[in-house]
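The data blocks that follow each hold one structure.
In the two complexes that follow, chain A is the common piece, with chain B as its partner first and chain C second.
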Partner chain A sequence: MFRQVLFTQWKWARTELFAYTLGAFLIPTAILKITVNGLDDYSVGAMLTAVAAAGAFFVFLAFVCAIGLAVRPYLADQALKHVYSLSLPVPWATFLRYRFLAGAVLLVAPTIAVFMGAGLATMTAAVPPTLHAYPFGLAVRFYLSALEIYAATFLLQYVAGKNAVRVVLALIGVLVVLELGSRFFGTTDAWVWMWDHLTTLPGPLETLTARWMMIDV
Partner chain B sequence: MTVPTGSVYGFLGPNGSGKTTTLRLLLGMLPADDGAITVLGHDVPLGVHKALAKTGYVPERLHLYPTLTVEEIMRYHAAFYPDWDDARAEQLRRGFSLRAEQPIERLSKGESGKLMMLLALAHNPELLVLDEPTDGLDPVVRRDVLSALLEYVAARGATVLISSHLIHEQERICDHVGVMDGGRLVAEMPMTTFRGGIKRLRVNKAPVDRGDFPFTLLSRGATAGREEEWVVRGWQPAMREYFQTGDSELREVIDLDLEESFVELLRSARTPAGIAAEEN
Partner chain C sequence: MSESGLRRTTLTRRAVAALVLVAGAAGALAAQDLQKLGMRIVAADRAAAAAHDSILEIVRVMRNKRLPYDSIVTGAITLRFTSKDLSPSTRAALTRAGDATWERVEHGLGDAATRVAGRVPIVISDRTAASFISEARAYEYMSRLLPHIIDLGLPNMPGRSRGFVEPLNEAQAEDAMIDLVGSVASMDEPPALKVYVGDWLPAAGLNERNWNAAAIDLATTNASVARDCFAGSIPRCKSALGLTKVSDPYTEWYSPEDWRVIVSGSLNMGIVTEGRRDAMQACVAGHDMKECEWLVRERPASLPLDMDVRRTVVGLALELGGPKAYDRLVAAQGGSASDVLAATSGLGIDELVGQWRAHVLSATPANVRPRALEATAMLAWMLVFAFVAQRRRP
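Take a look at the complex of A and B:
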């Protein structure tokens, strides 16, 4: 069953998946070409700053991959009003588990490309001896971030379903309340408190907001 | 609503009467507000996936992923059904002249209908739930699809619940019939009763309804003079005697064909008197 679900999801997303994978492979080389170019061994600080800033490309790619892979199967099911999926003799939760796992497996392709691309880029670039390459760490961060975004999108579509808009509105409502609280009641740290809790371990967004370093000390 | 095991149950009703909704309720695709549903001994929705494993379903519209090919959807479908019969599926595919590599989005309406019937039959279901399976198909394709269905039913003795508004087609293949209107099941009976039990009577000096009619009066209306035309359900020849007891006279008993019976049944169900009669 899972193999067939995986096959269909691969077939629906194969063109985009190829583009994501190619992008994931080429981005590390492009980043290093731009950031390392013209810097010498004494410009370590500038190089690290540039590599850290370029990490935003990986975050962007993780978003694009994750949302693309989550949306494709949902649109396919939604176009048929879920009639076919619901008529299959498996519990709905099992079907959703297969759907989710298939997308998680497909995310491995761009992750491997990030690993290989970063490995190749750091091997061929003139990296100062005081710095080290972390292609595996970068790839793991990429996969975890993409998986997190994928899971959130997947849940919003399949579990919240028709209530997805309400869920999003509720989240916006919480943010507005926090903002109003900070403005009118002096709870000035509300945003900061929330952001800190989300972006520092064990916060769920830590993996996204931490430094995406292909090379580091 | 009760579909007897081994029967071919025709589910009749005008467009929008709730046939598709009922079928989707039976298959657990929609949550029921009230009541209980049991399919092949399994409670719906709790055990619906067990029932679905033994059920072949053909919805009214193509419900398959359009970018997959015929072969791919057969493989996909097979993976979910433990009793899938590859040889049977291949035989049906060849019989229906479906090309394995043809994408579903490029299938004609007739080919789509055949593919859905193939998928419904190839896992040897005990129950077939067919929602307008031949609607919009040309006569040749319709015959192919129905032949495959009837062959399967004859060989396996499967139960069939077939929804359609093509009454004459239902008349040929069904042995039980249920009629739905406005979200209510207004009648349910063996086809023989439905075919022979609804009559139009011409009655002279028609008696007053004292609630003692031996049949169900679906409608009555004056024609000429003191003559009335009645449509009754559950008619038996022996009931002629009822009109001989009083002043009235039964002039003629007219057979209705299935379509006329269906229309009269619906017409009566839509009047308060008809609703009361059905409830009694």
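Take a look at the complex of A and C:
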């Protein structure tokens, strides 16, 4: 049953997975080649700036992969009003578990591409003697972060259904109102408070503020 | 008409005339008073408005200059609040930050902690971000919109003050207090050390963040002396830390390749003349080291390792020197920075620098791969999201 769900999701997502994988493999090397080309082993500052830019690309890619893989199966189920999934001889919770796991397995493909792309980029660039390459560490961070974002999007999609976008907009609206209210009455700054809690351990977005560096000290 | 009747008539006429005259005069007088009164009312209104504005201004100034409201003592640190407008949560956060600061200062300065921390109180005042507005009504209005700021400072040392927007971040407040105690600790430091690390000492010891920053600086600086230090040369570490006499920093700290990197960093910055641009191109693209040297020597040589890294050596010396380390630091008034650090730590300078290098290398922040706690938190969030998602049927 799981293999069937996995195969179906693979069929739906293979085109974009191919694009993600290709991007993860080639773009870091391209960024390094363009930005540090012509500089030598001692240009540490230029190297770290280029690597930070590549790091921003990896964060973006983790978001795109995770949201893409979470939304597509829901849209397919939603188009048939979930009749197919509810008619299967397994409980709904089990079916959803299969759906979730299938997406988590598919995320491995871009992760491998991140590992190989970062590895290729660090092998072809002149890494200064005081810096080190971390392609494996970066790939682990990519996978765990993508998995977390994927789970959050999956939750939003399967709990809020077709109102997911409205829920997100409503949350943003509530935050804006809270922020304006807090500004006017001089109380706690809602944005700062929320951002601090989300990006500090054990907050779910802590990974965004980490060092996504394929080459670092 | 009889004589008496005539006299009465004449009197009556006189009285009427007098009345008319009085009435006329009163009318004219009344008209004049009304005009004056109107002018006076307008003037009084203006004066009242000015007085109102002045009172608001005085209230605003008084709010900032108010006499001490109360104080909290945590260990030997006195937090003096100059406002009673602080929210209870801010006061509680400041008190907790004060407790944490005292704990660290006691650890960092040993026997001298009470003497240093108790020397000057930390003054905590508040203001709004609208305090630059002089017009009173605009100030009253804007102060509601703009954030409330808490200032931590030392009396009579305005340059040391640091402001934080409410809600107060406890960790930031702790950092600010440690910074202020560090300034107090530097008041008695020997002149050579003042030149070496400036008016600040790591009074609260060193934390992981300080060592991480030093490790990053050592690994990323464009100076051959730092690379040699990284590779294991203690004399080069001493030179990189500014603990030895340097006659030509351009050649002793930097290699010709470093000159080229320095020049390439400024290639696209500012306005340069045609001849200078040619020299820069010859240096960067053509590897012409003579041009590189000429260009580099035009500017002051920057320190291979910054002041914060130097402070980690001072912090380590205080840590290794034990409870009496600060007293020995203060007592070593006549020596060079090397001598002061050796006296503080109770070790030879080579041994101290060797230990410093070992600390820095072990503090390299390898946080690209998620740490165990971080990975656990991420997996836990993932499981929570997945579990909740399967609870709802369509």
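Following the convention adopted for this analysis, the second predicted complex is superposed on the first by the 201 of 217 C-alpha atoms of A that agree within 3 Å, B and C clash if a C-alpha of one lies under 4 Å from a C-alpha of the other, contacts with A are read in each partner's own complex, and residues count from 1 in each chain.
One rule holds in what follows: contacts are C-beta pairs under 8 Å (C-beta built on N, C-alpha and C of every residue); 3 or more make two chains touch, one makes a residue touch a chain.
Note that the coordinates shown come from a computational prediction; the quantities given were computed from them, not determined experimentally.
Enquirer: Please tell me, clash or fit, for chain B and chain C sharing chain A in the overlay.
Expert: Superposition check on chain A shows chain B and chain C fit without a clash.
Enquirer: State whether A:L175 touches chain B only (first), chain C only (second), both chains, or neither.
Expert: It touches nothing on chain B or chain C.
Enquirer: Taking the superposition on A as described, I'd like to know which of chain B and chain C A:R3 touches: first, second, both or neither.
Expert: first
Enquirer: Once chain A of both complexes is superposed, is A:L75 in touch with chain B (first), chain C (second), both, or neither?
Expert: The answer is neither, since A:L75 touches no partner chain.
Enquirer: Looking at A:L86, would you say it contacts chain B, chain C, both, or neither? Reply first, second, both or neither.
Expert: The answer is both, since A:L86 touches chain B and chain C.
Enquirer: For A:L48, is the partner it touches chain B (first), chain C (second), both, or none of the two (neither)?
Expert: After superposition on chain A, A:L48 lies in contact with chain C alone.
Enquirer: Given Cα centres, how many degrees, to the nearest 10, is the angle at chain A formed with chain B and chain C?
Expert: Computed from the C-alpha centres, it is 140 degrees.
Enquirer: Which of the two, chain B or chain C, is in touch with more residues of chain A?
Expert: With both complexes superposed on chain A, more residues of chain A are touched by C.
Enquirer: Considering only the touch criterion stated at the top, classify A:M123 as touching first (chain B), second (chain C), both, or neither.
Expert: Neither partner.
Enquirer: With both complexes overlaid on chain A, does A:K11 touch chain B (first), chain C (second), both or neither?
Expert: first
Enquirer: In the superposition on the shared chain, how near does any CA atom of chain B get to one of chain C? Answer in angstrom.
Expert: Here the least C-alpha separation of chain B and chain C stands at 8 Å.
Enquirer: Taking the contacts chain A makes with chain B in one complex and with chain C in the other, which residues are shared?
Expert: Comparing the two interfaces on chain A, one with chain B and one with chain C, the shared residues are 82, 86.
Enquirer: Of all residues in chain C, which touch chain A in the complex?
Expert: Going through chain C, the ones touching chain A are 128, 143-145, 147-148, 165-167, 169, 215-216, 218-222, 226-227, 230-231, 255, 257-258, 260-261, 264-265, 285, 364-370, 373-375, 377-383, 385-386, 388-394.
Enquirer: For the complex, which residues does chain A have touching chain C?
Expert: 38-46, 48, 77, 81-82, 86, 92-93, 96-97, 100, 129-131, 134, 136-138, 140-141, 144-145, 147-148, 150-152, 154-155, 158-159, 161, 183-186, 188-189, 192-193, 196, 201-204, 206-207, 210-214, 216-217
Enquirer: In the complex of these two chains, what residues of chain B are touching chain A?
Expert: Touching chain A from chain B are residues 27-29, 49-53, 55, 57, 59, 63-68, 72, 75-76, 79-81.
Enquirer: Under the stated contact criterion, what part of chain A meets chain B in this complex?
Expert: 1, 3-4, 7-8, 11-12, 76, 79-80, 82-84, 86-91
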